[in-house]
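Scrolling down, you'll hit the structures one after another.
Each of the two complexes below includes subunit A, the first together with subunit B, the second together with subunit C.
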Partner chain A sequence: MDPVLLVASIMVSATPILLAAIGEMVVEKSGVLNLGVEGMMIVGAVMGFAIAVTTGSPVLGFLGAAVASAVLSLSFGLLTQYLLSNQVATGLGLTLVGLGLSALIGSNYEGQRAPSLAKLDIPGLGGIPVLGPMLFAHDFVVYLSLALVAAVWAFLKYTRAGLILRAVGEDHESAHALGYKVVRVRMLAIAFGGACAGLGGAYVSLVRVPQWTEGMTAGAGWIALAIVVFASWRPLGVLIGAYLFGGVSVIQLNLQAAGTTVPVELLSMSPYLITIIVLVIISARGAHGAPGSLGRPFHAAS
Partner chain B sequence: MKRRTLLASAAALSLAAGAAFAQDVPKIGFVYVGPVNDGGWSQHHHESAMKMKEHFGDAIELIEQESVPEGADAERVLTQMALSGADLIFTTSFGYMDPTINVAAKFPDVKFEHATGYKTAENVSVYSARFYEGRAITGYLAGAMTETNKIGYIASFPIPEVIRGINSSYIHAKQANPDVEIAVVWISTWFDPAKEADATQALLDQGADVVLAHTDSTAPLAVLEKAGAYGFGQAADMAEYKPEPRLSSIIDDWAPYYIERVQAVIDGSWESVNTWDGIGAGMVGIGEFTGPIPDDVVATVTQMKEDIAAGDYHPFTGPLNKQDGSAWLAEGEVADDGTLAGMDFYVEGVTGSIPN
Partner chain C sequence: MADTLLSIRGLTKAYPGVVANDDVSFDIMKSEIHALLGENGAGKSTLVKMIFGLVKPDKGEMVLDGVAYAPGKPSDARLSGVAMVFQHFSLFDALDVAENVALGMETPPPMRDLARQIREVSENYGLPLDPFRVVGTLSAGERQRVEIIRCLLQNPRLLIMDEPTSVLTPQEVEILFQTLNQLKSEGTSILYISHKLEEIRTLCDEATILRLGKNVGTCTPREVTARQMAEMMVGASFATPEPKAGEKGEVLLKCDHLSMPAPGAFGTPLREISLEVRAGEVLGIGGVAGNGQDELLMALSGERLAPKGTIWFKGRDVSRDGPIRRRDAGLLSGPEERLGHAAAPNMSLTENAVLTAARRKRLVNNGFIDWGKAKGFAEEVIARFDVRTPGPGVAARALSGGNLQKYVVGREILQAPDVFVVNQPTWGVDAAAAAAIRQALLDLAAKGAAIVCISQDLDELMEISDRFGALNEGRLSPTRPVAELDIEKIGLMMGGAHDMEVAHADG
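Moving on, here comes the complex of A and B:
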C-alpha cells in the first residue's frame, strides 16, 4: 500500500466533514445547537455544483455554496433566535428543507460534469520527494480547511471577540447583563457555521465525487455533528476527529482493495468505537466541555 | 430524513394522479431503494414503471415511493401502500425480501412482486434478471482493456446476485487476459456516491485501471473519468459518460415484465411465479461499445452476447473450481439455477473472503 496516495486520499475524504464540523463547533460554542448541518451541506453541494457548471469556475462555485448555505442557516437563526422556536426541531426541519430544496434545484444538473478544480502547485514544497505529493499537491480548499481550524482556534483563544462568543455560549444571561448582544453574536456564528457546511458540501460535489446526485452527502453532516462532541468542542479535537473518520474509512477501502485479510466489519466500526471510548473517558472525568448555554433558548428579560 | 422527502414526493405524485382517480381501476405500487433519478438501478425501475403506465394509460393508477430504506421502514411503507388499496406492489430491492413476505402474509388479497429475491408465497412472485450474463461481457472487456492486469470491483452486499456478478466478471476477464487479478471492495450500501467514489479511488490507488461497479450511482464513472481509467454503466446505460470512461453497460429493462404482470392483474390471471430472464428475453441489455476497444475484442464480445442470447453459451461453464480449489463444474458442465440462486462462494482465482 502506497502511503503517499493513502494520505492524499485521506485528506480529500476528511475535508468535507472537517469544514462542516469546524463551523458547527463555532455555532455550538456560541450556545446554539444547529442539527441542520446535513441540510446545509447538501444545499452547498447543489449550489456549488450549479454555479460552477454555469460559470465554469469552481472557485465561484465554492463562494456561492458558502453564501447560499449561510443564507439558509440564517432562516434557522431567525426562527430560533428571534421567534424562539425549539432548536432541535428547527435544526431537523432545516435538514429536511435542505434535502428537498437541493433535489428541486439539482434536477436540471443530473448527469452534468463539473469543471475540475486545479491542484495548487506550491513552488518548492511540491517538489519534495514523498512529502510533496502527499501533503502539498492538493486543491486550495484542503488548505483552506486547515487554515480555518487554526484561525478558529486563534480566534477563540486570543481575541476579544472570541472571548465574547464563548461568554455568550457559556452563560447568555450574564453575557447579556454585561451588555453583549447575545442574539447578534449567535446570528453571526450561525451564518459562519452555514458557510462552512456549504463549503464542505460543495467539496463533495465538486472534488470528491465530482458530480451532482440527489442525497449525495449521505449523512456526512451527522458525522460532523458527532465529531464536535467527540472533540469536546476544541478545534484541534475537530481536526483529529475529522481525519480519524476520513482516515479509517479510506484505509478500510484500501485494505480491501489491496486484498488484506483484516475483517471489514472491525475496521468499519472502529471510528464509532473510538468515539464511544472517548465519550466515556470524558464523562468519567466529569468535564465534557459542552458550552453551558448549549441549546437553551435566550429571551432578554429587560 | 429521507423518509420525509419520499413522503412529500409520494404526496405530490398522488396529487398528480388524483385527476385520473377512479374506484375500480387497479392500483399498482412501486417501492424504490434510492431516489428515482439516481442514474442507475432505481431510475431504471422507475422508467420501466412509467413505460408500463404509458402502456395502460388511465386503465391503472400508479403510486410510487422512493428512497425507502431496507428493513423496518420498508415494512411500514408497504403496509401503508396495501392499506391505501394497492392491488399489486413491486418491491424493487433485495433487502425488501423479508418485509415483503411479512406484509404479504397480512394482506392475502394484495399481490406482491419482489425483485432479485428468492422467497415466494401464494401472493408473492419473485423476478430477477440474469445480470451475470451481462457481467460476462463487461468482465471480458475489463480483462481485455486492463494494462496493469488488475481490475477492481465495487460490491454492495454479500448476496448471491452480487457474488455471481463478481465470479462471472472474473471468469471472463481471465478468458481475455490469463494474468488478470480482481480486487473486490465491499461498501455495504447500494447508494452512497461519496463512498462509491472513495472506493473507486482506493481501487485506483491499489493499481486497478478498470473498475466494475455493482452499486447504483454514476459516482464511480465520474472518478474514473478524472483518472483516465475505464468503467461500465450499471443498471442503466449511463450514456453521459460515453465514449470514455464508460466502455459499455448492463441495462436492465423491466418494462415488458411490468406490462405483462399488470395485464395479468387486470385479467385476473395473476399467479405467483419465479421469473429469471437474461439477455435472450431482453431483460438484460448490453449498451453500445464505446471508447478505444480493439475491433477483435468487440467482435468477440458481440459473438459472446449472441451465443448467450441464443442459449449456446452459459457464462458458468466448466471446468471451474471453487476458491478453495475444490472442483465445482466438470469440463463442459453448466451451473444449475439452484446453485446460482444461492451462490455463496468465489471461484478459483478470486482473492479475499466474502463478508458475513
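Moving on, here comes the complex of A and C:
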C-alpha cells in the first residue's frame, strides 16, 4: 500500500470528526452537554450537499452547512438555556430530528454527485517529494480544521473571552455573580459547536464520499462526543483522538479490501474500539478536568 | 453632606410573598467602616445585591459621592468604584489565582503584569499570595485574600464584605482587620456584613440594623453592648445557652489512631486522630476550614470506611460499618454542607426526613414508605425547631440557609442519637436560631448523648463544649477542658503548636 496515499486518506478521514469534536469541546467547556452532534452533522451533510449541487460551488455548500447546523443548534440552545429543558434529552432529540430532517431534505439528491472541491495548491510545499502529496495536497477544509484546533487552544488559553468561557463552564453561579452573561456565552458556544459539526458533516458528503446517502455520518457524531470526553477537554487530545480514529478507519478499510481472514465485523468495529481504548489509557492517568458545571442547568436566581 | 460617600434613600424590593427591603435608608461616610446587621432573611443580601447591581430595586434611589447611582449590572458598580467580597466565594477552583482575579476585573492587564500587581498589592496589605497557585488548593483564608485582592486592584471607593470572618482563624481575622483599617485610613469606605457582634464592636464605626427588611436603627457599635445590638436585631431578648457541669458517663465514641488518606486532590488526609467522648459530654473540635473537618466527619459517619480497629462505638469496633449500620446503632451525624450533603436540594422536607430517619423512626413498612408518618416526623422537626416554611412539602432548596440548618440538625436530634457528630451546626445562621440549635445540642447531651461538634466558630465551641481539640493538617491536638483555655491558646492549638509537645515527648 502506498504510504503517501495512506497518510493523505487518513487526514481526509479524520477531518469530519476533528471538526465536530473541536466544536463540541468548546460547547462542553462552556458547561453545556450537547448530545446532538450526530444530528447536526447529518443536517450539515445534507444541506452542504444540496447547496453545493444547486449552486455548483462546494465552498458555498460548506458555508450553508455551517449556517444550517448552527441554526439547528440554536434551537437546542433556546430549549436548554432559556426554557431550561433537560440537556441530555434535548440533545438526543436533536439527533433524532437531524436524522429525520436530513432524510426528508436529501431524498431528491440521492445518486447525484457533488461538485469536487479544489485542492489547495500551496506554492513550493506541494512540490516536495513524498511529503508534498502526503501533507500539502489537500483541500482548504483539512487545513481549516487543523487551524481551528490551534485557534481554539490559543483562544482558551490566552484570551480573555476564552477565560470567561472556561469560567462559565467551571462554575456558572460564580460567573453570574461576577456579572458575566452565562446564557449568552453558552449560546455563542453552542452556535460555534453547531457550525463546526455542520462543516464536519458537509465534509463527509462533499469530499469524503462524495455523495448523499441517508444516515451517511454513521455515528461520527457519537465518536466525536466520546473523543471530547476521553481527550479530557484538551484540544491536543481531540486532535490525537480524531486522527487515531481516522487512521484506524482507513487502515481497516484497506485490510478489508486486501481480503484478510479477520472477520469484516471485527475490522469495522476496530476504529471505535481502538480509539476509545487508547483515549481511556490517556485519560486514566492525569487530570480529567471535566468542566465543573457541565450539563447542569443554569437558572439566574435574583 | 460632603463627607457622605453613598446615600441610600428609600430602597424597596419585593419578591412574590415577601418584601425583602422596605423603604431602607442610610448613609455611608467616606473612610468609614459601616456595619450592616440583621438576622437571616432580614434583607441584608438583597440590599447588598442592589448596591452591587445584581438586583434592581423596585423603588428608591442611591447617590454615590453626589452623583445619582443606579447600577444595572455588577460591571457598572465596579466602574463606579464599588467592589464586593462575597460570602460564598465566587472563585473558580480549577483556575489559578491570576485568572480568577482577571475574571473579576473590567479591563485586566496582560497576565504577566497582573501577576506582578497581585504580588505588589498582596505585599502592601500583608496578604501573601502566589498568583499561579490553583485556587482549589488554597485554604479558606487564602481564597478570601484572592477576593480581596481582586477588589483592591480596582481601587474601590466602597468595599462590600459579606460575612468575611466566618471561615478565618483568630490570627487571620486580625490580619484582615489590619488590612481593613489600612484601607480605611487610605480613604476607602467599607460596608461590613456580619453576625459576629463582638467583631463589629471592635472594627466598625457605625452600624445599621435591619429587621424584616426594615431599617430599625443605627448605632455606634463601640458605645453599645453586643447584647443590645443583638436585641435590636432580633426585636426580643434571646436566651444564651447554659452549659451544665453534670457527671459524665461511660465512653461512647472512641477513635484510636485513626489515619486515612485524602479523599481527593483537594482533600486532607487524617493523621493519627485519637479522641474519646463520654455520655453527656460535648467535645468541641475547632480548626481552620480545610484541615480535615469534612474528612473527620466522613470517617465518623461511615461515609468513608476507616481502617479496622480505629473507631469504637459503645465498645464495639464500627470502623468497617457503613452509615446505615452506624445509624441503626445510634451513631448519627450532620455534615456541614446543607444543600447537597445534609439535604437533597430538590426533594421535599418530608422526603429528606425519610432519607436519614427511615429506619430509626420506622418510616418504612415492608419496603414501603409510610408517608403519613414521614410527614408527621417532618412536621415535628419543623415545630420543635421553629423552621420557618409553608410546610413539609416544600423543597429543601427553597428554605433560607438558617432555616434549612435548623431542619437538618433538628432532624438528627429528634432521632435521639447516642452519639451525634455535627459539622458547623450554626454556619450562616442568625443569632437567635444559632442559640436555639446550641441549646438543642446541650439538651441532647443532658439526656446522656455524647456530642462531637466540629465548628469554625470558636465562641460557639467555648459556649457549648466541655472539652476542646483543634484540627491542623489532619492532626488533632490533645483535647483539653475548655475551662483551661483562652482564645490565644486555642489559636495556637489551631495553628499546630501542639506538634512541639509531641516532638518533645518523642525525643
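Here is the rule we go by: the second predicted complex is superposed on the first by the 270 of 302 C-alpha atoms of A that agree within 3 Å, B and C clash if a C-alpha of one lies under 4 Å from a C-alpha of the other, contacts with A are read in each partner's own complex, and residues count from 1 in each chain.
As a convention for this text, a contact is a pair of C-beta atoms (placed from the backbone, for glycine too) under 8 Å apart; a residue touches a chain by one contact, two chains touch by 3 or more.
What you see is a predicted model; the values in this text were computed from it and never measured.
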{"item": "Partner chain in contact with A:178 - subunit B first, subunit C second, else both or neither", "value": "second"}
{"item": "Touching partner for A:121 - first (subunit B), second (subunit C), both, neither", "value": "neither"}
{"item": "Which of subunit B and subunit C A:170 touches, first, second, both or neither", "value": "second"}
{"item": "Partner contacting more residues of subunit A (subunit B vs subunit C)", "value": "B"}
{"item": "Which of subunit B and subunit C A:216 touches, first, second, both or neither", "value": "first"}
{"item": "Residues of subunit A touching subunit C in the complex", "value": "160, 163-164, 166-167, 170-171, 173-175, 177-180, 289, 292, 302"}
{"item": "For the subunit A and subunit B complex, residues of the former touching the latter", "value": "1-2, 5-6, 9, 12-13, 16, 38-39, 92, 95-96, 99-100, 103, 107, 110-113, 116, 204, 208-211, 213-218, 220, 249-250, 253-254, 256-259, 261, 263-265, 268"}
{"item": "Partner subunit A, residues of subunit B touching it in the complex", "value": "1-2, 4-5, 8, 34-35, 37-39, 67, 152, 183-189, 191-195, 197-199, 201-203, 205-206, 208, 217-219, 222-223, 225-226, 240, 351-353, 355-356"}
{"item": "Subunit A contact footprint on subunit C (complex, rising order)", "value": "15, 49, 53-55, 73-75, 78, 86, 89-95, 99, 102-104, 108"}
